[in-house]
Structures are given as structure tokens and as C-alpha cells.
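In the two complexes that follow, subunit A is the common piece, with subunit B as its partner first and subunit C second.
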Partner chain A sequence: MADTRLKTIGELLARQGILIAFAIFLIGFAVFSDRFMTPENLATVIRQAAIIGVMAVGVTVVVIGGNLDLSVGSMLSFSTVLVVDLHDKIGPELAIVVMLGATLVLGAVNGFLVGVARLNSLIVTLGMLSAIQGLTLIYTGGKNVDILDQETTWFAIFGRGYVAGIATPIVMFLGLALFMHVVMAYTPFGRRVYAVGGNPTAAVFSGIRRSRLVFSTYLISALTTGIAALILGSRVMGSQNNVGQGYELLVLAGVILGGTSLLGGSGNILKTVIGVLILGFIQNGLLLMGYPYYAQWLVTWVVIILAVWLDIAAKRGRLLSPIA
Partner chain B sequence: MTLKLAAALVATTALIGASGVAQAETYKIGITQNNVGVDSYQTTYEKAFIAAAEENENVEAVVLDAGGDVARQIAQIQDLIQQNVDAIIIWPTNGKAVVPAVRKAHQAGIPVIVTNSNIAEEGFDFIASFSGPDNITQGARSAELMCEALDGKGQIVQISGQPGYTTAIERAKGFEDRLPEVCPDVELMETQPGDWNREKSQRVMESFLVKYDTIDGVYAGDDNMGVGALNAAKAAGRAGDIAFVGATNFAVGYEAMARGEYYGSIYQSPVDDAEAALKTALDVLEGKDVPDLNYFDTPKITKANMDEFDKPVF
Partner chain C sequence: MMAPVPALRLEGIVKTFPGVRALDGVSFEVLPGEVHALLGENGAGKSTLMKTLAGMHQPNEGRIYIEEKQVEMRTPLEAKAKGVVLIHQELSLVEEMSAAENIYLGELPRKSFGRVDWKTLFAKAGEILTRLNCKFGPQTRVGDLSIANKQMVEIARALTVNAKAVIFDEPTASLTDAEKVVLFEIIRDLKARGVGIVYISHRMEEIFTISDRISVLRDGTYRGTLITSDTNEDEVTQLMIGRSLDLSRNEEHVEFGGVALEVRALSCGSLYRDISFHVRSGEVVGFYGLVGAGRTEIAETLFGLRTPSSGTVLLEGKEVRLSSPVDAIANGISLVPESRKEQGLVLGMNCRDNITLPQVDDLTAGPFVSDGAELAIFEQYRDRLEIKTPSWRQAVKNLSGGNQQKIVIGKWLAMRPNVLIVDEPTRGIDVGSKAEIHNLIRELARSGYAVIVISSEMPEVLHVSDRVIAMYSGEIIREFTAAEVNEDNLVQAISGIRAEKVA
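Right after this comes the complex of A and B.
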């Protein structure tokens, strides 16, 4: 009896642990800083988290499909540099088209190597991480790129604009997350991604074309990275060559915090959103409390370990492994 | 071109010793840079260095880049020692880790000139000279600019460069030491690192704007970060109330200054930096009296005097 009760509590924690953690963080920061719970601050945090968040939506799909994508950080650098640089050369419309096209090509390379050639996704995307960084540096020769006419270009809408009174990055982030959530939860495509990630062999035997499916998950993460580049480029109106450096880990941290299993086959886009917001609130809350933002890395690590541990502990019904 | 044969002979015999072949005409100068291509400053620096070396027919330059990797930089110094160059210019990837390699060069009789950012103090005995900007003075000048902009009264925040990076530490120190001297009524409320990254700086500033109802000034460790802070303040509709002061004037900072949105900065040209390094190396080789710390001037720039300066290329 007691054992089952423990299990139900454990299950509750595992299922909703992320929401509970989220609530605890919000309350904690609200207690320590009177500025934290203001609407302006909450909007600021969600707007800041939008870039990581948009990327995390795509990466969640890749991870549910049983793979990793570590290349999104340098892909973000590349795409941002490209769209900002081309903005003044060929105009914003064409720049966006070219950037999204080029980003999809990079995603297709990932997708081909992992999906079709069946190479290990960690190795492929880790390699792409440095390859794309190199590509970016070759493209610019190291120069920062800037948009000169920042005041009148309509490109400003993505990072600085408002839709119905809400900052565009927030609308894009939450809109995309909702859309992807519906796709993953309610469409045959989504179910196939879960199937391939959960049990590839069984999925193939039930007639799912695994190669094509994995390929498309990488196109999705490339597309979301391209969209994040729009927000970032427009927000900063310029770009450094290494602007997305390290973002892959923040993105992955958000995905893991959201409870998506790195083994594939399970995960939830909306919980990724919560995971990303937790990261954003940690950063903002610590800054408001006067800590240097490096403190967030430490805190983030602790939170991730707790989240993963809770998840495992709930699954096996005890904190430590029964096998010594 | 202005090379004196006698000086050259003195230098080569004195410094290269028995192993050196008398090269009265040309100096072979090796440079190992920090990380070319990672930012516009370093890219421009390399171009300017190569151009300056080519212009001087007495110089044969071996131009290397460590790519930000200390181990590679140490290997490059060893290679340059093997090649028996006349002088080594180093832009340290890490001020401490390169000291043993620099000592080796020193022991081999090759003068080492440090450029842009200095090596750690324990290495000072092994170098001929440091050529670069005086970051402490830059910080102090920024403090003076801030003081001017605020008429001596106000509350400010600081966005500093990457922690641990000498330039970041020195600029912050120069600023923080000078500010109370010139403006005791200007209060520095908080400092947060912006990592030389415009987007990060923008994020930090957004949090500052939430946290503080009154911000009269922002000092950023370089204009790239300063413009990020300006972006954030503009988005919050508070840019008009805030004076922005930076350092290392970037093209975007120059333009914002022309629009009257950005108060002032410190003009530091990578071309001057590169040319000063080469000149210091040549002066050392020619046996001239070179100061240990050979700073090139980095003046204040504001809207009032900006026509005297070319728009930065980065």
C-alpha cells in the first residue's frame, strides 16, 4: 500500500515535476526581488527566452525522434550573420528567403548524414557545430555585420515589433510552440516521430520510412533555428560571428528540463516551453538579485540534475539504483 | 627604409649571437596572433600588420595565428625559435600560459614584443617591450566622458567585458578608480559582464532597466556592447534619459554618436595597434631605447570631435 502511494507521488512528480519546479522558482524569485513579478519583467524574460525557445521547439522534435542536434548554436550564428549581411545588400525580403534556404540546406546535410547515411547524430552534429562556425568566419572574414538603416526597415518587426500589443518574439515563440505541439500530438507525422524515436525497429516494421522521417526532423530544427535568427538579427540589428556560441547547450538544457528523454520516443513541446522559461527566469532572477549571470550556469546544472534524477527515481520507484 | 646599417649589425650580433647569420638588410619578424577572424578588430589588425610589413623592405614577416588556442600558440613560438627569427611579436591567447614559451625565446636570444594585451607579470623579465593600448587610461578617460555627459551627478551601471580578460579588467579598474576622483556624485550602482557580446549586453541592460527606475548613464567595456545597451534602452523608451559611454569605437558606435544617441567613446584603431607593434619590434632590433610599456595613444571621441577620426572599419 505504502509502496503504491509512494509511486503515485513519484509519478505525479515525474509527470508534473517541471511545473512544480517552475512554480517554486517563480515564488522564490518573487520573494527575493520586488521587481520580478512585474508585467514588464515577465514580458522581458519571455522575450529574451524566445530565441532559445524557438530553437528548442525544433530540437525537441529531433530528440523525440531519437537523435541530437548540437549544430543549432553555430547554425544560429551563420543564419543571423547571413540575414543581417544580406539585408543591406539585397533587401530584407530576399535576405530572409536566402537565409532560410541556406539554413535548410545545412539541416538537410544533418538529416542526410543521420537519417539516410545512419551516422551517429552526436558525432555528425558536433562536427557540424565547428564546420558551420568555420563557414561563418569564412563568409565574413571575421567582420561584424550590421544593418545600417535600423529605424525604418520593416525587418525590425521580428525582434523589436509588437503584434496586438505583445512583443513579436513572444508571439512567434508561443505560436510556433503551440503549432508544433498540435503537429506532434495530433497528426500521423507526430506519432511517427514518437514511434521512430521510441523503437526504430518496430517503427520500420510497421511501415514507417525512418530515413525520411529523421531527415525531416532535422529540417524542422534548421527551420526553427532560421526563425530564431530572424528574431536575433532583428533584435540586435547586427551580428557577431560567434553570436550563437553555446546556445546548443542552453537549447538542450531547456529540452531536457522539459522532460524530453534523450533516448527518444517521449517528450512534450509545451513542457520544453516551460523548461526554456525556467532557464530564462533563473537568469533574470539571479540578475535582479545582483548575482553575475554566470551563477545561472551553476543553478541550471543543479536544476537539470534534479529534474533528471526525479524523472529516473519516479520511474524506478526509489532514489538510488537497486543494483549497487 | 630608415634602417641604419650599424644599428642593424649591433642588433643582429648582440641578439642572435653566434648562431645568427648576419642579415644586415632584412629582419625576419614572426608574429603569432590571438584569434584572427573571430572579430573585426583582429582581422583588421592582421591586414594592417601585413601591409605595414610589406611596405617596409627591410622586414620579412612570418604571420601566424593561434586561433585562440594556447597550445597552438606555444607551438608557434617554438617554431619561430627554430626558424631563428630576429624578433617575435605575440598577441597572447592567455597571458599566463605563454610565459614559459616566451622565456624560451628570451633564452634563445630572440627579443619578444607583446602586442595588444600584456602577458602575466612573471613574464615581464623575458620580454623586450609591450606595445598596445593603455586600458587603464582608457577606462579613466571613459569615466571623464561619463562625468562630462552627466554634469557630475547621476546613477550609472557598467557592462564589462569578458571576466578574466585583461582588457576587461583594466578598463573596469581604470573607470572605477577615476570616476570618484572626477565625479564623486556619480554613483556606480551595479556592474555585470556582457562578454563583448552585443546580444548578451542587450539582455543585461533589459534587466537593469527593469531593476532600476533611474539610470542616467551606462559605461560599456566596448562600443559593441554599448550599442546593445542602447538598443535595450531604445526599446524601453528610455534612451533619451541615458548617456552611453563606451570604449574601442566601433562603426555602429560612431554612427550612433553622429545621431546624437551615444555620448562618447575611446578611439582605438587596430591599424595603429598593428603598426605600433611592428615599429616597437624594429626599434628593439635597432637597439633604440624602448619603454617597457610602449602605449599608443587612444583619444576620447565624442560628437564634438568625431570629424577628426575616420569611421572605424569594424
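Right after this comes the complex of A and C.
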């Protein structure tokens, strides 16, 4: 009997490991810091996680489709710089439209190279990471940009405003995640993304237009990055040229923590949300406990490795295995 | 009389996986110099037993003996060191390396400072390859070898250790008849050297050609051992599936409808030339030929995966352009592809979603996929094809080969095609499921489908076809009606041409 009970616990861990880890982190931090479990602090964490969270929603779609997108970090820099710079020149409305359009063009370049030309997504998006950073610097000539009239512009709503008493970034993050979750879990489009990520050849043999589908996943991750740029630009009302540097790894960390397989074909948007929040809580909790800012990088890495290892171990039934 | 000491013996092996008791107290032995065939339907536990023998699985209970000494084999390397070698169905070679490096992988001969001693390596590997009558040198890159020759490299690898037992898992699955003959010579040679051989195959005629004894597994339990010379196919089949099978020629008389598909002078580069044929509704046309004869390529062209260089395709008399699977599906053509795992299924996806995948766009309520519509289709084809799965949620990778194949067939029947193309419908699946799939193909024809069956197995072609088209090297050699075709003239149709070409 003990054997079966152990097995159920193991299965529970395998299936809901991410939720359990989440709960353990919350309890742990709550025990060690009395400032942690306050509504203000929790809202702050979610709000700070929103930018990475919004991007992670889009990147999850790309990863389920069997590809990577490492270009989102410098894409965030580009889009933030663009929207902030154009704000004073052509007004916030047009600035937003132009920025989203330009971001989608960058996504289309990724989508064309990976989806249509069938190049390796790691190489394409790593190259785009550097190319877009160069593009941003060419655009600004190396100068930082900012918005002059920070007090009265309605553009402040995205990063500093509230909707029904909840901070706008939180509303946008959770709303977008919920919307994308519904798309992925319940629409034919979502089903096709899972199929292409799971077995691209079989998907083609089933009459799915693979190139077009992969292309559209990159448009989605570009769009979510554009939305993240709105929040970021609006929050700081200015931007450095390299403001998004390193975000691609944090985004990917959130996706992986959420249990999405880098091999494609499986994953879940809502679990990505939890993955992103765990990262946010680790960062916040460590700060509250008095550790220096950079300690989070080490802890984050350990958490990701443990999460991935446990995930694989649960699938194959033991920690180390001579065969895959 | 003293009984000889078994090269390898298993006793009361139990192996469980979450939710399944894959092996339930199985005992099995192979004597030195014996070919012991292991038979069973897919899911009977053959693969698990074999992986346990080769150190890839650890049994939950039971003991393993090599020459009556109890051993434990925790990894494949340990098993190999103890003299048990597995020649796997899916070959595990490093394509980028030479044959010699593959043969001695992990134990390359060394010089000082850990440098590889290439001279010794090539000499030793060359020796083994010569012993196996191989026509390629030890320096050949494995990626450039044919599947048969890759298999030779695997066998050569087995010979580097002092193998006491060699396990062959479906070794002939992708071999030509000539290559098969060579393989059997090698097996007989190993046998003469006193190696114990475990031979796993679905092909009954091979088992009767090569084996000394036959052991049968069913549902993870041991069902008995027969002496090959004292038994027959019927008896073995009965032990395996609990009933006997009919694999006679198709003598059914069906009234055919109009011509559903006509192909005129279709050519595609060097793959096939000047192919013309037609299929009427209610008719099964079998394409027989060797691997590489161009049959699969014709199927892929009809499904829009290849562009022909010339020729026309007509569906119900109208010329159609098929430039993608989307076009083919829209025109009522379905293809059950050659390789179910690579081309037919998304293995991690559940049964229901795999079946509805090609039509998921049409199964919607508003913007969403309709659960009810999907389930209705799944249940309809699960019942019709008798797919055995605990639930629609089960990932297809957990099903047996036969049930996986039924999922692929169900997926394409659910599209209600006018023309159904089935490429190697029973490759790698057990006799029981085979018979079910053959009956299904006949039944589909009776209900008005135009069916093309591509197969490398002669009994299968004879059993299901109303007409048989024999192909060789990209050309149609001859066409037979069910009444005139038999094994002799079919073999002649292919080998006759081969003789001409040699002369």
C-alpha cells in the first residue's frame, strides 16, 4: 500500500510540481519576512513581473510551436525607444501604431526566416537579438530618449495607471494571458500550434500549412513584446538604448519554469504565468530577506535547473538514466 | 542426458510501469548455438523483455542468469560487457563517424596520450567486416551506408565482444530479400560458433526458416515454447492470439463503380516514369515492389507532397492540380503514410486530437473547437476500428503499434475521402491487428471507397487486392487481376526484369 501512496504523491508532483513549488516559495518567504505577505507587496511583485509576463505569453506560443525566440529582449529595447521617442514627435496615438507596426515587421522577419526559409530558430533569433540592438543604436545615435511632458500625457495609463482599482500592467498581463490561454487551449489555431510543435512532419501530412503557422507564432511574440514596450515606456517615460537587455533569458526562464518543453508540442500559458510569478517572488523575497540584488541570478538558475530536472525525472521515473 | 547450460536464462521476470504490468513472471532461456524466436502481438511484452535482457530496464522481480551465474545488468554497456548484445530495430549508430569507429565506439584502441590508434582500429574493424562478407571498408562513413549495411555494422559491433547471446529485434523490417539471405547466413554462422540467438520478428515465414524453438508471449505472460520443426504457423498463431487467421487470396467479387482516380503518364524525375493506372470506387489496387521502386513517391505525389515533372491526375474524370496536402484533402484524397510515428501521428498528443487533426477547422462552435463534435468522431472511429485505449485522453505514444495504426487510419477515414491511399498498412504490427486491418481494407472497398494499398509483403497484397500493379525501379512492369495473380508470377514480374537488366 505504501508503494501506491508513494506513487500518487509522485504523480501529483509530476503533474502539478510547478504549483507546489509556487506554494512552497510563498510560504517560505512569508515565514522569513513579515513584509512579504502584504497585499501591497504582492501587487508590487505582480506589477513588476508584468513586462516579462506579457512577453512570456507570446514566447510560450513560439516554444509550443517547436521554436525559440531570443530576439525579444532587444526587440523590447527597440520598441520602447521607438514609442517613447515618437511620443513627443507625432503624439501618443500615432506613436503606438507605428511602434506596433514596426515590431510586427521584426516578428515577420523572424517568422519568414524560421517558418518559410526553415532556418534554425536559435541561430535566427540570436542573430536578430544582435541585429535589432544595432538597429536601435542606429536609430537613436546612441542617445537615450525620454518624454518631456510626463505629468499630463494619457500615455501614462499603461505603466502608471489603474483600471477598476487594479494597476494597468497587472490587468494587461493577466488579461492577455487568459485570452491567449483560451486561444491555445480551445481554438483550431492552438491545436495546430501544438501539432506542429509535437511533430512537424505529421502536421504537414495532416494538411496543416506549417510555414504559415510558424510565421504567425513569431507575429504573436512580436506583438506581445510591443505591448510590453508600451508598459515599460509608459512606466519610465524614457528609455535607455539597451533597456531590454537580458529580458530574453528571464522570459525563457519563466516559460521553462512553467513546464513548457523546449522540444515543442507541450506547454500551457497559465503555467507560464505561474513560472513568471515564481521568478518575481524569488527576486522580491531575496531582496526583502536582505540579499543583494545579484543573488537572484544564481538562485534563479538553481530553481530552473531543479524544475527542469524534476520534470524530466518524473517523466522517466528516475533521476538518472542511461537512456533518454 | 545432460542438458546443456543455457547461454542466457530469465526466471520469473516481473516488470511494471505506472498502471501496467508489462511482464508478469516471464521465464525464458536460450541455449548456446540455438536460434530461439520470441513471438507475441504488439503490447505482449517482447520489447520490455528484450530491454530487460539488454540492461535498459531493471526488472521489479526475477533473476537473470548468464551461463547459470546470476547477474545484474544495470546499463546496456554492462550487459554488453557480460556478453549480451542487442541489435536494435531502430539502429543506434553515429551517422557522421566511420564504420570502424562505430564498431568500437566507447572502446577505441588507444596510443599514448589517449590518441586513437587508427591503424589498429581500421585493421581490426576490417577483419570483422570481411568475416561478415561486407562489401564496404571500415573507413566508410555510416551515414552513406544502406540500412542493410548499417545493420551489418551493428552486428559487427556485437562481434567485438565475446558475445554469449545476441538479440535481434525485427532485423529484417527494412531489408530486401537478397539482404535477408545474407543476414540469415550470418545468423547461422553465429549459431555455429555457439552463440545463443534470440530472434524477434512478426514475419512467420522467417521464423520458420531460421529458428529452432519458438516462445510465445501474450499480455505480458509466458504462453509456451514450441519446437519449430514440430509445429506450424496455425499452432503458433493460435498460441499468440487465441484463434487462427485467414491469409488466403482475395476471391471476393465486388461490383465496381466508376473510375474515381486516373493517373496518366505521370513522371517525377528519376523517382518514377510514365505511370498510368486507374482505380474504380469499390476497388482495391495493390502496388507491389521492392523498397525504393517508387511506390511511396507516387503516393506522395497524389497527396500533394511532391510535384510531378509531367503527366496528369484526374479525379472522377476532372483534371486536378495537387500542389499541397491541403489541395489533396480538399479533393477527397487521404494518405495513411508509410511511417506512422514520423508522418502519421503527433505522438505526445491524445488519441482524439490525433484523429480530428486534419479537420479541426471544421469542428467548431463559434471560434472554439467543439468538444462534443470531436468526441463524437473519436467514439465513432474507436468503435468502428475497435481501437483499444483506456480513454480518449491517452497519448498515442502509449498505445501499441496496431492501435496506433488504427488511429492513423481512423484519422483519414474520418475525412470521408473518395480515394484512400494506404502505404505499408501493417508494417511492424502483430498478426492479430494485421488481420483486422486487412478486413477493414476489404470492408472499406465494399462500402465504395477507391483504395490503393502499397505493400512490400506479398501475402498482404494478394489478400486484399482486386488488382495488383507490380513496380520495379520507378516503372510499372505489369498489371494483374485478382484471378490471374499468384506468388509465382508476381515474383517473376519483378525478378524477370532484374535478370534482363543483368544480361
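One rule holds in what follows: the second predicted complex is superposed on the first by the 312 of 324 C-alpha atoms of A that agree within 3 Å, B and C clash if a C-alpha of one lies under 4 Å from a C-alpha of the other, contacts with A are read in each partner's own complex, and residues count from 1 in each chain.
Keep in mind that, in the parts below, contacts are C-beta pairs under 8 Å (C-beta built on N, C-alpha and C of every residue); 3 or more make two chains touch, one makes a residue touch a chain.
In this text the structure is predicted, and so the values were computed from the model without any measurement.
Trainee: Quick one: on subunit A, after the overlay, do subunit B and subunit C clash, or do they fit? Just give me the call.
Mentor: With subunit A aligned, subunit B clears subunit C, so fit.
Trainee: Of the two partners subunit B and subunit C, which one touches more residues belonging to subunit A?
Mentor: Of subunit B and subunit C, B contacts more residues of subunit A.
Trainee: Looking at the overlay, what does A:T44 touch: subunit B (first), subunit C (second), both, or neither?
Mentor: After superposing on A, A:T44 lies in contact with subunit B but is clear of subunit C.
Trainee: For the superposed arrangement, I'd like the angle with vertex at the C-alpha centre of subunit A and ends at subunit B and subunit C, nearest 10 degrees.
Mentor: 130
Trainee: Give one of first, second, both or neither to describe whether A:T153 is in contact with subunit B, with subunit C, with both, or with none.
Mentor: Neither subunit B nor subunit C is touched by A:T153.
Trainee: According to the stated criteria, A:N284 is in contact with first (subunit B), second (subunit C), both, or neither; which is it?
Mentor: After superposing on A, A:N284 lies in contact with subunit B but is clear of subunit C.
Trainee: Should A:R191 be classified as contacting the first partner (subunit B), the second (subunit C), both, or neither?
Mentor: second
Trainee: Report for A:P292: first if it touches subunit B alone, second if subunit C alone, otherwise both or neither.
Mentor: The answer is first: A:P292 touches subunit B but not subunit C.
Trainee: Let me test your reading of the model: by the given contact rule, A:S211 touches which partner, first (subunit B), second (subunit C), both or neither?
Mentor: neither
Trainee: Once both complexes sit on top of each other, what is the least C-alpha distance from subunit B to subunit C, rounded to whole angstrom?
Mentor: The answer for the closest subunit B-subunit C C-alpha pair is 33 Å.
Trainee: Can you pull the subunit A residues that subunit B and subunit C both touch?
Mentor: Correct list for subunit A: none, the interfaces share no residue.
Trainee: Going by the contact rule set out above, which residues of subunit A touch subunit C in the complex?
Mentor: Of all residues in subunit A, those touching subunit C are 7, 11, 186-188, 191-192, 194-195, 198-199, 201-209, 265-266, 317, 322-323.
Trainee: Considering only the defined contacts, which subunit A positions touch subunit B in the complex?
Mentor: 33, 35, 38, 40-41, 44, 48, 137, 141-144, 146, 148, 160, 232, 235-238, 240-243, 283-284, 287-288, 290, 292-294
Trainee: Considering only the defined contacts, which subunit C positions touch subunit A in the complex?
Mentor: On the subunit C side, the touching residues are 17-18, 55-56, 74-77, 303, 305, 324-326, 328-329, 335, 337, 342-349, 353, 357-358, 360-361, 363-364, 367-369, 411.
Trainee: Show me the residue ranges of subunit B that touch subunit A in the complex, using the header's touch definition.
Mentor: Residue list for subunit B touching subunit A: 36-40, 42-43, 163, 190, 192-193, 197-199, 202-204, 206-207, 210-211, 224, 227-228, 231, 235, 250-252, 255, 314.
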